[in-house]
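What follows is a set of structures for review.
Here come two complexes built around chain A, the first alongside chain B, the second alongside chain C.
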Partner chain A sequence: MTAPELIALLPLLILALGATALLLAARGSVGRGWPLAVGSALALSAALSAVLLPSCVTEVGGMYSTGPYARFFIALWSLATAATLISSGPYLSRRRLPSGEYSALLLFAAAGMGLLSSAVSLSGIFLALEAFTLAFYVLIAFNKNCALGAEAGLKYLVPGGVAAGLLAFGMALLYAASGSLQLPAATAALTIGAPMQSVALAGLALLLAAFAFKLSLVPFHFWTPDVYQGAPAPVTGLLASGSKGAVTAALLTLTATLPAAPAPFKPALATLALLSMVVGTLCALAQSNVKRMLAYSSVVHMGFVLTGLLCWNHTGRTAALFYLVGYSIVTLGIFAVITSFSGEQEPQQLSDYRGLARRQPLRALALTVLLLALAGLPPTVGFMGKLAIFSAALAAGLPLLAVVGIVASLISVYFYLQPVIQMYMTPAPSAEAIEGHSSEYGIIALCLGLTLIFGLWPGPLLELIARLTP
Partner chain B sequence: MTGTCPLPLLTLLLTLPIGTAALCLTCRQRPAAARGLALAGTLTVLLIAIGCFVLLPAEPGWLLREDYRWIPALGIRFSLGIDGLALLMILLTAFLSVLAVWLSWDEDNRPPAYFALLLLVEAGVLGVFMALDLLLFYICWEMMLIPLFFLIGIWGQRGGIAAAMKFFLFSLAGSLLMLLAIIALYVLHGQQSGDYSFALAALQHTDLPTGLAPWLFAAFALAFLIKVPLVPLHSWQADTYSAAPAACSLLLAGVLAKTGIYGLVRFALPLFPETAQSALPLLAALALAGVLYGGWIASAQRDLKRLVAYSSLAHLGFILLGLSAWTTTAVEGALLQMVNHGLTTAALFILIALIEKRAGTRQLDELGGLWGRVPRLSAMLLFFALAAIGLPGLNNFVGEILILLGTFSVKPLWAVLAASGLLLAAIYMLRLLQGVIWGPARDERSWPDLVLHEWLLLVPLALLVLWLGLYPETFLEPLRGPAQLLLNGAAPLSLSGGLP
Partner chain C sequence: MASLLFYLLAATALLATLLCITRRSPVHAVIFLINAFFALALMFYLLGAPLIAAWEVIVYAGAIMVLFLFVIMTLELSPESQRPALSRRQWAPALLLFLLLLISAGLILTFDPAGQAGVPFFYASPRSFGAALFNRYGLAVEIVSFQLLFAAAGAYYLGRRRKARQPEESS
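And now, the complex of A and B:
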């Protein structure tokens, strides 16, 4: 590996090597704050170097791109990780969890997500996907005193293993058909008239199934609610935003190499999107557990993102990415609020939110705005994202997806408003108020601010994303 | 033509309530300051609106226009403009907002948040009346909805949460479909002309595929008619009006109902002229159904607020009938009637709130004998109830007679049916008066009559009712241009042509 390549990889090296160093240095870190501070400083410097450092090479080892698209996502996931680290201090110390290992694992996950977003070869996708999934297996079950957490870890592990198997086999088939693991070359075997096209199509089917597992698209979503419920709240936030986002970024790179959707896949993917929107919405309606509701809502949102990808043109991909960035910001904010509301127990049931607006007016207001953003109401980034997705879908001739998406957003308003009703319109029980920490307030305020700024002024972000999108 | 005002007045009108709302929220510890701020904010908006009304010449077309770049990547502009109709609606909104703040002066449950939300509703409504970019319009349309959800849910009476949810979901069902229709227009226009824009003036020149236009028109009309509401989309109305706090009922009936009709006039009819023409008979049939059904149901109500809610249904049906008659007289009458209905309904809701404050109830069979105890209050109730029935010399008469005349000249049968709705109005209003004012009193307690604070609410309304009844020309004149342009099939929009 040459020096320019190492420099090009610097943001990821900061994350991975920093995580290793933290793992060695921070032993017995229960109740300590400094590993979190160091971890977030590392993540921030990785983000900074990803934005500022010019890259002399375009690819490293033929596996990972170092272009602006990759850099953008490395910066984004590093920032998301930094935000998660900053806001989880009180959560960890209340539960007597070791912050050193936690920081190191989150940094490893960030490195994996960054790698996945920059992958330009099938092997690169596989390695990166497994890298961050491994970190998440541990993180989900991080609270070893919590039975639900252990269950969630296992439930993430088993489908994850199946998905990895599907992924590897699909790649093997694609490789057999095309003789290459590089992305444009590997997917060239899918074009009509290519030799062994049917083998390549079978490979792509397995590949997409694995992606659908990770994105929790219906009918590959069954692990989602249990994992969301059992995982520690800050980890759930990163799982919902970063891990799904990184997988979407890789899927986007994959679809961008194909000029048009291979014939049988467009209806299949459209069905996945439709099912995700419909089933996700209907299941979320029935939940009385807020984290499970958010899990099903993430299923719906991934359906929206897939709608953007299905347009199969630049506008659609830009819309999907914009939606993804907005969704990540909002989700991180929501889980930061839930984290900061967590005393000994996480507030999971709807009734736990009763009367919170009286006791914690600022965070209740923030949660309200963020939930309205998930529901896609103006003036939030959620609305602008939906606008972009639906206009791209109508322009690309997908009216059915747009109509179902609109109806799903209408129904979803009902369940997004349930916590709001509990917080504002139901009398409070005499429960103690949980003081927020200033770091938590900072992260919540940041997410809230970005939600509103990108809702009222999305122009610059949209233009940036349009330039990045392949 | 386009006004040359050194100040960005319209932007100011929109941002002033929002800014005041933000200030209100900072007065967490001092509720009195929040109240004062809210009153000052709404009064300033009213002053600006009156200034515009007095100073701007009454001519067809735009009186003021403002247009700024906003989100170039999506072709969204911050584009505001008012014509005579919009100005009159703004005036009504500003006036009723002042009354709403004044009416909730004694609100003691978290006043800063309450007044901030009230101001946000006002900002949303003003935006709806001014927006000329469809997306800006949509954002304002939602912006008036969200604060109302909280106002009804938190400060509403029993059943407030359910009513708020019903109201929210009903409105959202319409508006999300409208959003889809807006996007469809945007995409079609972009594909035809290469210019991706949400500007009303641009979208008007979209060639619609024949199969699509009725669907798009239906989506727009659904959103607007739910808000009005029109039978059979009205089932949220009575629940919401009766559960909402008094100031919200006032705004809902006085102003928000008008946003629906305004939306039809400004957007749905000009965007889809041919489809709209063929839909007018259906609209008229539904409007007539509203007049008769609303009047009939109102006659059976025990709860005063529900009674007025259903009477509103009948009156709004009248306005829509005037629109669908599509003659100059009827359309002018309909537009004028929007103002009239806003004033009288607001007055009735205020009076009901005052009665409820004294009696602790607003059930018809638990009230009675008010004339003996509070003669001044009873007199005001009598006055406004007669105005609502359509007594000559008072405001509603003018609008109704114009609508009836205009309708009779083209569709005599419609006018005859609508006139029988007037009979129903007399029945339910007189039943209200009889039950509340006359009859034996239920108990011996003595009540205070109107105090200065309450006089200040009612006297301006009464003066306006008389003014509109005796000399409607002041308010009819600015409506002539917009009405004529609407009938000619080209709403005032074509005047502006290409955007700067």
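And now, the complex of A and C:
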């Protein structure tokens, strides 16, 4: 490990070493705010160093790239983690949860997500994926007074273990076929006519199944609603945006190394995307629990992102990444609102949202706009993302996926409007209002502002993403 | 010779793993798993990695399996699942597999197809193994150690009993 390599790794070192320091320093941190402040400052400085610091090397250890693509995602996940840390202060202190362990685990998860987004070798993907998954196992079950939280942690642990096993099997087969763990060389065995193509294809299938578990694509999605329901709301926000986003970023790196999709690979991915959009939408229609509805909605959205990847060209990948960034911003905003609405209990049932518009008009309005952004209505980033993905899919000759996606988004307006109807059109019960904290208001306003800005003026972000997409 | 030994050991490992996941009693399953680990260790030796072979026995078959047995003992399984008498159907497969392993180990020791004299190109000495682990894969080792640190901290947090909370919950 040379000095230029260490400097190139600095953003991730800030996150990982900062997390370790917080773990050591913050003992008995129940009800304290400073670990969260230190944690978010560390995450922000990691993001800043990822953006500003020039990198003298292209790769570190042959496993992780330090190029603009990697730096963009490290900055994005650090910012998402900082936003989560800032907005979860009142939530933690109301439940008397230790903020030191919480901040340390979130920072380490951010380091893992950043590593996964910058992985350029199979071993790098495996290590990074396990790094942040380990942090999430604990974070999901973080509220020890909540039985649903423990159940959710277990339900994430078991599929996570299976997915790790599948990933290792798939990588072993790919390595056996190609003799390399580096990404372009490892996937070269998939080209038609390569000596061990069938072994490599079996490896790729296992790899794909593991990725589908993490992205909760149908039929690998069964853990999603229970985990979303049981996990603390701020953790769910980061799980939905960062964890899935980092896995998508790794999948994009993987698919970008294949000049053309190997024959059975593309139909398999298309089936996953199609099933995710159809089954996710139908299941979301039946939910009366908002967090479960958002879980199924994330299944649908990952189907949209996969549609973008399936175009198998630069336009499609750019659209998928743009969609991913927009989805992350909107999801973080929605879960920040749910966090700020949480008193002793999180508002999960639709009936918990009755008449909230009268008691908390600002946050109700923000939630409405963010839900409409998920549904894909203009002038939000959701609309721009869907426009980019579906036009790329039509141009790349995937009319079926595009049409199913458009129909799914039309149907989805119904279930995204359910909480809005509850907030605005039903009389308020006599429950007292939950005062929001200024930090929560700040994060909600930031997410709302970015949703509208990127919806009205997506040009600069699209150009940036187009430049760094491989 | 080496390929014959490989197929013998591979069959042993597969059979032992299959028996391991189909046993009712967890202790029997552990016996078969140890069997599979020994077969894997001999395969590593055959591939020219004696250090990994030793670790497979010391760490997996030794430390982790002992931990497994301790966990099973502390779980205090119901007496119904612990039958006192051992029938031949239960111990015969394990004995057979261990005999196979003994024969393979004896063959390896006699002919030494993977020793330094055999195929020196593939021979991974402890020195070269350590150099590769901490130079070429140094970053991976660091990441794994961070993972283990946070896994331990998280497990400690989740397993710790909370004292301050008790009086509040009763109120």
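The rule we apply is simple: the second predicted complex is superposed on the first by the 470 of 470 C-alpha atoms of A that agree within 3 Å, B and C clash if a C-alpha of one lies under 4 Å from a C-alpha of the other, contacts with A are read in each partner's own complex, and residues count from 1 in each chain.
Convention: contacts are C-beta pairs under 8 Å (C-beta built on N, C-alpha and C of every residue); 3 or more make two chains touch, one makes a residue touch a chain.
Note that this is a predicted model, so its numbers are computed, not measured.
**Q** After the superposition on A, what does A:Tyr137 contact: first (chain B), second (chain C), both or neither?
**A** Only chain C; A:Tyr137 stays clear of chain B.
**Q** Thinking of the overlay built on chain A, is A:Leu275 touched by chain B (first), by chain C (second), by both, or by neither?
**A** Once the two structures are laid over each other on A, A:Leu275 reaches no partner at all.
**Q** Once chain A of both complexes is superposed, is A:Val30 in touch with chain B (first), chain C (second), both, or neither?
**A** The answer is second: A:Val30 touches chain C but not chain B.
**Q** For A:Ala19, select first, second, both or neither according to whether it touches chain B, chain C, the two together, or no partner.
**A** Only chain C; A:Ala19 stays clear of chain B.
**Q** Could you tell me if A:Glu101 is touching chain B, chain C, both of them or neither one (first, second, both, neither)?
**A** Only chain C is touched by A:Glu101; chain B is not.
**Q** Under the stated touch criterion, which partner chain does A:Pro379 make contact with: chain B (first), chain C (second), both, or neither?
**A** A:Pro379 sits against chain B, while chain C stays out of touch.
**Q** Taking the superposition as given, does A:Asn145 touch the first partner, chain B, the second, chain C, both, or neither?
**A** second
**Q** Quick check: in the complex, which residue numbers of chain B touch chain A?
**A** Going through chain B, the ones touching chain A are 70-74, 135, 138-139, 142-143, 146, 149-150, 153-154, 160-161, 164-165, 168-169, 172-173, 176-177, 179-180, 183-184, 186-187, 190-191.
**Q** Can you list the residues on chain A that touch chain B in the complex?
**A** Where chain A meets chain B, its residues are 372, 377-379, 383-384, 387-388, 390-391, 394-395, 399, 402-403, 406-407, 409-410, 413-414, 417, 421, 424-425, 457-459, 462-463, 466.
**Q** State the interface residues of chain A toward chain C in the complex, per the touch definition above.
**A** Residue positions touching the partner: 1, 16, 19-20, 23, 30, 60-64, 96, 98, 101, 104-105, 108, 111, 115, 123-124, 127-128, 130-131, 134-135, 137-138, 141, 144-145, 153.
**Q** For chain C, which residues count as touching chain A in their complex?
**A** The touching residues are 136-140, 143-144, 146-147, 149-151, 153-155, 157-158, 162, 164-165, 168-169.
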